[in-house]
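Naming follows writing order (A, B, C and D), and every chain is counted from residue 1.
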Amino acid sequence: MTALIFFIFAGIAVFCGVSLVVQKHPIASALSLIGVMGSLAVLYLQLGGEFIAAAQMIVYAGAIMVLFVFVIMLLNAGAEGTSLEGSPFAKYLGIFLLAAFLGLISFIIQAMLPARPGVVFGEWRGGTALEIGRKLFTAYLLPFEVTSVLILIAILGAIVLARKEI
Amino acid sequence: MYSLWLIPIFPFLGFLVNGLFGRRFSKPLVNLFAVGSVALAFLWVVKTLLGLGALETKYVEHYFTWIQSGNLNISIDFAVDRLTAVMLMVVTGVGLLIHIYSIGYMAHEGGYYRFFAYLNLFMFFMLVLVLAQNFLLLFVGWEGVGLCSYLLIGFYFLEQYATNAGNKAFIVNRIGDFGFSLAIFLIVRQFGSLDFTKVFTAAGTMPVEAGVGILTTISLLLLVGATGKSAQIPLYVWLPDAMAGPTPVSALIHAATMVTAGVYMIARSAALFTHAPIAMDTVAVIGLATAFFAATIGLAQTDIKKVFAYSTVSQLGYMFLGAGVGAFSAGIFHLMTHAFFKALLFLGAGAVIHGLHGEQDLQQMGGLWKHMKITAITLLCASFAISGFPFTSGFFSKDAILVGAYARAPWMYWVGVLTAGMTAFYVFRAWFLAFTGEYRGHAHPHESPLVMTGPLMLLALLSLGGGFINIPHWLEPMFAEAPENPTLAWISAGVGILGIALAYLFYVARPKLADSFAKSMGGLYTLIYNKYFVDEIYNATVVEPMVNGSRVVLWRGVDAGLIDGIVNGVGKESRGLGRVLRLLQSGNIRSYAAWIVLGSVAVLLFIGLMGGAR
Amino acid sequence: MNFLILSLIKAAIVAFVLLTALAYLQWIERKVIAHIQLRVGPYRVGPHGLLQPLADVVKLITKEGVIPSHVNKLFYIMAPWMAVVLALISIAVIPFGPEITIGPVTTWMQLTDLNMGILFVLAISSVGVYGVALGGWASNNKYSLLGGLRSSAQMISYELPLGLAIAAPLLLANTLSFREMVNYQSGYWLGFIPRWNVIPEILGFVVFLIAGFAETNRVPFDLPEAENELVAGFHTEYSSMKFAAFFMAEYANMVTVTAVATLLFLGGWHPPFPEPYSDVIPILVFALSGLIALYHGLHPARRMDKFTLPAVGLLFLGIAAIFGLSLFVPTLKAILMALFWFCGKIGILLFLFIWVRATLPRFRYDQLMRFAWIFLFPLSMLNLFVTSLVVALTSK
Amino acid sequence: MIHNAVPTTWYLILSAILFGLGVAGFIYRRNIITVFMSIELMLNAVNLTFVTFSYELKQVDGHIFSFFVMVVAAAEAAVGLAIILTVFKNRHTLMIDDISSMKY
């Protein structure tokens, strides 16, 4: 069951990831990204991160991506032109590089990590809101506060940038 | 806790407020912050000292660690002992009076808020200097007051001579500070600490044979620093020029407080100096020489502030003499009384200048007695005090030094007495020239307002009665007891009175006599009138070779040739290299990203080939 | 496998009931609004228009689905179904009643329980905006686009006060699970005041309801589909089942919001009165309404009433009898009581939704935004702050 | 036959694939918004790694890291989209190749 769910949602994630890259229209890319995020949320659940899965949906899919979609719609961004500047050689080199990157990193991951019992859904459920909250407000209190300041600055920055005068 | 940190912080806040917002303030508001902050500091000093009582032992407050490096631990500590108590009272008390006086003196000057901001900043640094419990913090204060001195000498920065004088003071002080910092390095190296208590305890327990060499070196280097700050031979030349600043500055910084920092520092380091007899002798000789030398120059000056400036140098020489012969308490005693009467002299001179709309030349004065009686009387008090007239403050302190000198070597005493006579002569010469006879100038003299004369009168009282504050007795637990010898005291007092009488003879009874005397002494007079040509000699021997050497060797050769050559060569080669590398810099973000990917693939390949990151 | 079969049965029941309820919710809305406006509403199809929903469904299914030529086909077709699916998913975690035992099976009256059911509902509702936004964009029509834009901006803005209003009862109950939240609200203060969160959190409840109105795009926050300025907003270009899907999504969202409000603030299925009194109330309600219907059936105002009203009256009396019977069958009682109170509360809230729709005019768009950011958001912050302060001070 | 347990390395490889896709999107796409979304994809891939290791080590810290990543991504999206809006307002284009006045 765990493996089945993993394969289904990993497949969706990869499919949507590819779609994100190859789709010409930004809205399609955005929807693909939402698909990736949703399937990742399921995988998080599988890995025992129920809070982070909910946060993934609320923050990423529900807020950040809505913002993206909103901006795409606002700017009424059209599909991207097909002609890519530069030589086709670069394109093939890039694909080759990507393949090499993935192959190498897969090899390294497979070869070097010690063999462990795999993931079974429900075996470890440490990622509850309780646990995360406890850790967040004790060990990670300072980063948390700093992050809140960061958010504040981001809000101010966004407001200043989006003003009419600039 | 007595919150010692509040003492310097008050003036600092005054500085911040006036410095940042003073431009928009009205003058009364500036006064409020400037004078109020110093008054608060003074009151806090009084409260603290009353609370601390007899101060049998040092009272230390530790705030925080400033520098922690290896074994060296330098913290921000303030401390109060009896010596500091005296200094605190002098600095804040006299400082407060001078601040009040400045309200009147600076009333018509531009840059009003700037002046008071600097003055407050000076108070802050001076108090840090006095309160410091280690050499580095003292050095902070030391440099800080130097900075304020520079700023205030150059206060009229539109005038070329003022900026030049400021530069001169700053540069000459650099030489002294260089010595001081070397001394600090040596202390760190030798004792591994800069804390006064630790250093002095360690110095006291050092074996004599092992310690005398290093202690002498440290003491001599400290002395270099002190000669710079306290205007002793050979670094005294900046002080007379420093009179370019406003007169209250001359009174506060260049007479009462900052220039005595060298004396304070030597007294503070007494534990080091007493273990280095050679250094002590050097201090005494330098002090005596300076006292005598400056007094002779003072005899012939015509600018009223210059007269008092040389007098300051001379009196500082006395203090050095006191310290050098081991009579530290006498030196500090003289420091205090000198702060009173010399501040009074300068402030009085300032009142005269103020009343004459900026005239400083004694030749253009005379007969001012009629116009400014309070100034004249208070200045007279100060003159008596500095001349060592019996039972004035100067009598007690100067004689304590001279008696101490006699105990060391009688010839020092006699030179000191001679200097005392000259001191009395030139001070009264200035007084007689200014206040008696006929008015020779063109301005319309008038008496100063109460805000100026008030501090004058207070200081006059202190100058007359300050000698009865028995500082040597108060300082007894810290320094060796000063010897007493009434006979010697009366001799020097007598010489002082003789000097006054001579001045009366020359400038009141027989005015012609002075000129004919000057003519008959032609060469000598020219020599001292031109201050022994010291500035010129320094110019010819130090400044000129330095400037020329810098220009020819350092600038043309080293800088333009070598350094610029290297820099330009690097630039040229970089440009050549850049011309090649520019091909990579396509300005296309995606190509950059591709390079990053290429790089990470290379790194991964490397990791894979090396068998992992374990 | 037992678990799988049980889940399937429960899902089937819930789906059937819910979809029927959604269809009839529309009938109720039309009726209620009609009566508020002194009209009779749907009347022709079946007695009192009772078969109107059925007719509507038949009409919508059989109608030709027009796909305009200028639309982005994929998203145009995807959007309504996305909206309805996302709206229906939330029901999965909503409990309708306590744990019950039917024969050998013991189960909760809930499809599935999550430790963080409340977060789950929040997550799904935050994604729910895509249906509307995409539909508006894919229609390739300026009115629809504006509707979609407004909808996404509105949803993002009102999600903040919504989330903050939810956080306050969470703090009180110290849980993210709906079950525990309802359990926390069981019992009575002083023996007769229900320990519902709405009493300490009245401010949060109001904020939640207002934000809930906005999240479901209901009047006065129905800017995305404002007829008089945007024609019909995001669903201008939709027809037949795709249009129906949007409609269903809206009603499903309403049900979800009211159910969450009930669970978080109104004590879920717990009755507002202590045990023995609360048992009598449903019997009284149904019996009374049955009697009234019977009376009107005997004195008919219209011709048809002679037959319909007595039938309805008898139905109600029958229900009252079942409730009375259930007092002696504990299993049945647990199910019926919980359902009665839960559905009753939801019904009251839904009536409020409809009532507001019939009463209030629409916001202007800038007023809408200002209301969210300047008024509602600080209010919910204040509420959360005070609540957390109280919780922090009273907890050990 | 599929084993019931999934090796953690598979999650990591999935994360690597997603990250690689993100890089590819970043390099190949010309629309600045899509490029931005590719970055988000990379961040998501990294989050998956964090959560996987959190499971592997049975510690919740990884979740907290990914939580921070989300928060920073939110801030980044707000500012980044505001910048994109401004750029579009001034240049009327979203193609990064056309926004090159700082190039030389």
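We adopt the following convention: a contact is a pair of C-beta atoms (placed from the backbone, for glycine too) under 8 Å apart; a residue touches a chain by one contact, two chains touch by 3 or more.
It should be emphasised that the depicted structure is a prediction, and the values quoted were computed from it without experimental measurement.
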Discussion item. With contacts counted as defined, which of the two, A-C or A-D, has more C-beta pairs across the interface?
Written reply: A-D
Worksheet item: Could you state the distance in Å from the CA-based centre of chain C to that of chain D?
Response: 37
Item to complete: With chain centres taken as the means of their Cα atoms, state the distance from chain A to chain C in Å.
Response: 32
Worksheet, complete the sentence: Distance between the CA centroids of chain B and chain C (whole Å) is 85
Fill in: Between chain A and chain D, centroid-to-centroid distance (C-alpha), Å
5
Practice prompt. Among the residues of chain D, pick out those that touch two or more other chains and give their numbers.
Written response: 23, 27-28, 97
Worksheet item: Where in chain B do residues touch two or more other chains at once?
Response: 588, 594, 597
Worksheet item: Multi-chain contacts in chain C: which residues touch at least two other chains?
Response: none
Discussion item. Dump the list of chain pairs that touch, please.
Written reply: A-B, A-C, A-D, B-D
Practice prompt. Please give the residue numbers of chain B that touch chain A in the complex, ascending.
Written response: 588, 591, 594, 597-598, 600-601, 604-605, 607-608, 612-614
Worksheet item: Can you list the residues on chain C that touch chain A in the complex?
Response: 72, 75, 114-116, 119-120, 122-124, 126-127, 129-130, 133-134, 136-137, 145, 148-149, 152-153, 155-156, 159, 163, 176
Item to complete: Please name which positions on chain A make contact with chain B in the complex.
Response: 86, 90, 93-94, 97-98, 100-101, 104-105, 107-108, 111-112
Worksheet item: Across the complex, what residues on chain A touch chain C?
Response: 27-28, 31, 34, 38, 41, 50-51, 54, 57-58, 61-63, 66-67, 69-70, 73-74, 76, 128-129
Item to complete: State the interface residues of chain D toward chain A in the complex, per the touch definition above.
Response: 2-14, 16-18, 20-25, 27-31, 33-34, 36-38, 40-41, 44, 47-48, 51-52, 54-56, 58-61, 63-64, 66-68, 70-79, 81-86, 88-89, 94-95, 97
